[in-house]
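To keep things simple, chains are lettered A, B and C as they appear, and every chain counts its residues starting from 1.
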Amino acid sequence: MPDATGLELLARELRETDPDSVSDTEFFREKAALHVPPKAIRAVLELLRGKGFRALMSVHGLDYYPEEPRLGVQYELLDMTAVDRITVKLRVPTDQPHVDSVTPAWPTADHQEREVYDMFGVIFDGHPDLRRILMPEDYEGFPQRRDFPTGGEPVLFTKDAAHGEDYTQ
Amino acid sequence: MEIVRREKVPDDFRVRQMRARDMLRGELEGDDLEQYVQERIITTTLDKAVSWARGNSMFPLTFGLACCAIEMMSMVGSRMDIGRFGFEAFRASPRQADMIILSGRISIKMAPVIRRIYDQMLEPKFALAMGACSSSMGVFNNYAIVPADKFMPVDVHIPGCPPRPEALVHGILKLRSKVLEDPTLGWRERYNAVGTEELVADPAAHPAAINVFPTGDTSGA
Amino acid sequence: MSEVSEYRRQEESVDLSVRTQPIESPEQELLTLNMGPHHPATHGVLRLLVTLEGEVVRDLKPVIGYVHTGIEKTAEDKSYWKVIPVVERMDYLAYYFNAMAFCGAVETLLDLEIPKRAQYLRVIHLELNRIMSHLVWLGTSALDLGAISMFWYCFRERETILDLFEMSSGQRMHTRYIQVGGVFEDIPSGWEAKCRAFLADMPNRIDQYGDLLNRNEIVLRRLRGVCPLDEQTLLDLGVTGPLLRAAGNPWDLRKAAPYSSYDDFEFKIPVGTQGDNYDRYAVRVAEMKESVKIVQQALDGLPEGPYITDDRKVALPPRHELATSMEALIHHFKLVTEGFRVPPGEVYYPIEGPRGELACFVRSDGSSKPARVHMRDPSFVNLQATAPMVRDAYIADLIATLAMLDPILGGIDR
């Protein structure tokens, strides 16, 4: 884990190559994270690969509803030789959910980016085959967004409730 | 899916009542008597023998979906051993199996596949919904799951998450006693049906319903 | 019968003379076939679109989602305590690991200290779960290869482990034994003796499995040298766990970044040399032996102490306190109805599952329900390695490779 100082030095180095590649740093519970704007993601990941973080362990998305920009994508990087982890976080709004795909450089992101697209609607430009992976192909909607209803059946606590005569109500 | 229905005598209550009265008085004769006996005796000795053979050697379909499948596998293992009931011959092809154990959660993507497999099974066939997820929504009550009753007829529901192998065997034995005594109970009696039949999909209308694709074309996945 | 039936007409319309014409382009030789989702060899509801040239696999595309349960979405509706049973059902052979990853993430957010005894108990159950998961893998994989009796031997061992789980937590599978702050309950008396009896027996049994399979001609021909994949491709694809170790990279989170007192125990990491199917098999069998050692050391060194944290804001107070202490009653009430609140933050907590790096990402917004729970499941990422592995191999090798890959569709689809 790069400690707090190490994280700041890393951020400064990244900013030297491109001033707006890192918008913020975060050091929470001994874990380091960088916040980057969506257009800089490929460059930042390549720079981090150069620093030794050669394994992309996870690409996952989340919905920050109701804060804007709503959709977030996070990349977990791992340095196997120094046993270091760092997270790269970015946010995109729902009306412009485009992020450069890192799959050409990091093949492990293939299925994981498809899952983020399927569940949140983030469109990865440059992905070789962006289509739904977990839901049926023709499903409409992005299930894991916070304003998508969880769905399911109403629980019937008594037999009569099925016919509309539930005495518990 | 198509339900194949069978002919049944008119069960108008008044008619039945009159004939029962005649039977008790000893007044039914000849053809009437024969027809009366035919309707009432559910199993002749031959039927009983056939049911006995069916009930003691049901071939389950190898159909494991999720966690319940692991408990189904351990039921096949040596501690629980369904081989002692005669059900150890799991068949991989639905055409050769007569019992489908829906072991696990049924997602909306899988439901049409299961329906198709169930239709491909030949009569007489039985379905067990194993576990809470296939009987009802189970632990998960959300957009992605569907209970088995919504799209196919189920004979026995086995609760549990996952049900112990003992519970699964209990459910199977209940099914077995149903097969031995009267296989027509349950949904078959309710819908007055003999079984279900597969409707072969037209490959032009449903390109995903076929198994062989144009060369190299995997986009319809 | 004056009318020709449809079937007859179709039969007669088949023109066999096409075979005698020369093949114009290589693509004509390729056939794309669908395997699954209901197939005896796909280890769950996995659908594969294989492009074949004769019997040689040229390309493979897995289609998943047939057991997608929306667990991550359901978890957002439940309080943190109630998420544990839901999240356990993801990778349904490694349920202790799922609970451990989630509880570890929540404990990191809460900045909670876990008592030593709880950590040791967690390690014991995690390693027993690892042995059990590998046993199921070995039984079903041998079944795929045709060594059918292995299935019964492995499940016989598995029943003993499930007896232990049932004794400590009441359930065979999905035990929700690992809780936020420690474990649910202390192990009962007699558990340790039973566990030691099992551990004394297990290395013998593993040797017996080795005797059956290790030098078997058929196993060697089907697994040795089949579908190897080099370490760099595996690392690019994000593969971890026994697959990566079979290729020679000794990456194991229990040694690299120890969590839950794993650094107190001495064990080795089995590593393969060639990265083919046989190495994947051998690595897992050796891992079972190492897990037995870990459980033995943990039982020997099990410290006295509480089995769950003392922080009453997070863990339920013991029942006897409810009769005398008002605070205990209030804590109990709050925990059971609303649940504990977690300070806002995002955390990614990785552990070493039986199939690779299993990590849980939890985002908390300060309320008593998580705002996002995501499992980085190892099988989901490892599945991407199937296509490069089976290129230019036979269908039978595809089946063997799928077996050696150990995919668990519950984890893949979540």
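Structural remarks
Heads up, the rule we're going with is that a contact is a pair of C-beta atoms (placed from the backbone, for glycine too) under 8 Å apart; a residue touches a chain by one contact, two chains touch by 3 or more.
What you see is a predicted model; the values in this text were computed from it and never measured.
Comparing the chain pairs A-C and B-C, the larger number of C-beta pairs in contact belongs to B-C.
Taking the mean Cα position of each chain as its centre, B sits at the greatest distance from chain A. For this pair, chain A with chain B, the centres built from the Cα atoms lie 44 Å apart. Centre-to-centre spacing of chain A and chain C amounts to 23 Å, using the average Cα coordinate of each chain. Per-chain CA centroids place chain B at a distance of 32 Å from chain C. Those residues of chain B in touch with two or more other chains are numbered 109, 140-145, 221.
Within chain A, residues 135-136, 143, 148, 150-151 each touch two or more of the remaining chains. Multi-chain contact residues of chain C (touching two or more other chains) are listed as 65, 68, 70, 73-74, 413.
If you check the complex, the residues on chain B that touch chain A are 108-109, 136-137, 140-145, 147, 221. For chain C in complex with chain B, the touching residues are 27-28, 30-34, 37-40, 44-45, 47, 49, 51, 59, 61, 63, 65-71, 73-74, 85-86, 89, 92-93, 136, 139-140, 151-152, 155-156, 158-159, 162, 172-174, 409-410, 413. The touching residues of chain B, when paired with chain C in their complex, are 62-67, 69-71, 73-74, 76-79, 92, 94, 104-105, 107, 109-110, 113, 117, 133, 139-145, 161-162, 164, 211-218, 221.
Residues 28-29, 31, 33, 54-58, 60, 62-63, 74, 76, 80, 83, 85, 87, 106-108, 110-112, 115, 119, 132-136, 143-144, 146, 148, 150-151 of chain A touch chain C in their complex.
Within the complex, the chain C residues that touch chain A are 64-65, 68, 70, 72-74, 76-77, 108-109, 111, 235-240, 249, 251, 256-257, 345-348, 350, 357, 359, 361, 363, 371-372, 374, 376, 380-381, 383-384, 413-414.
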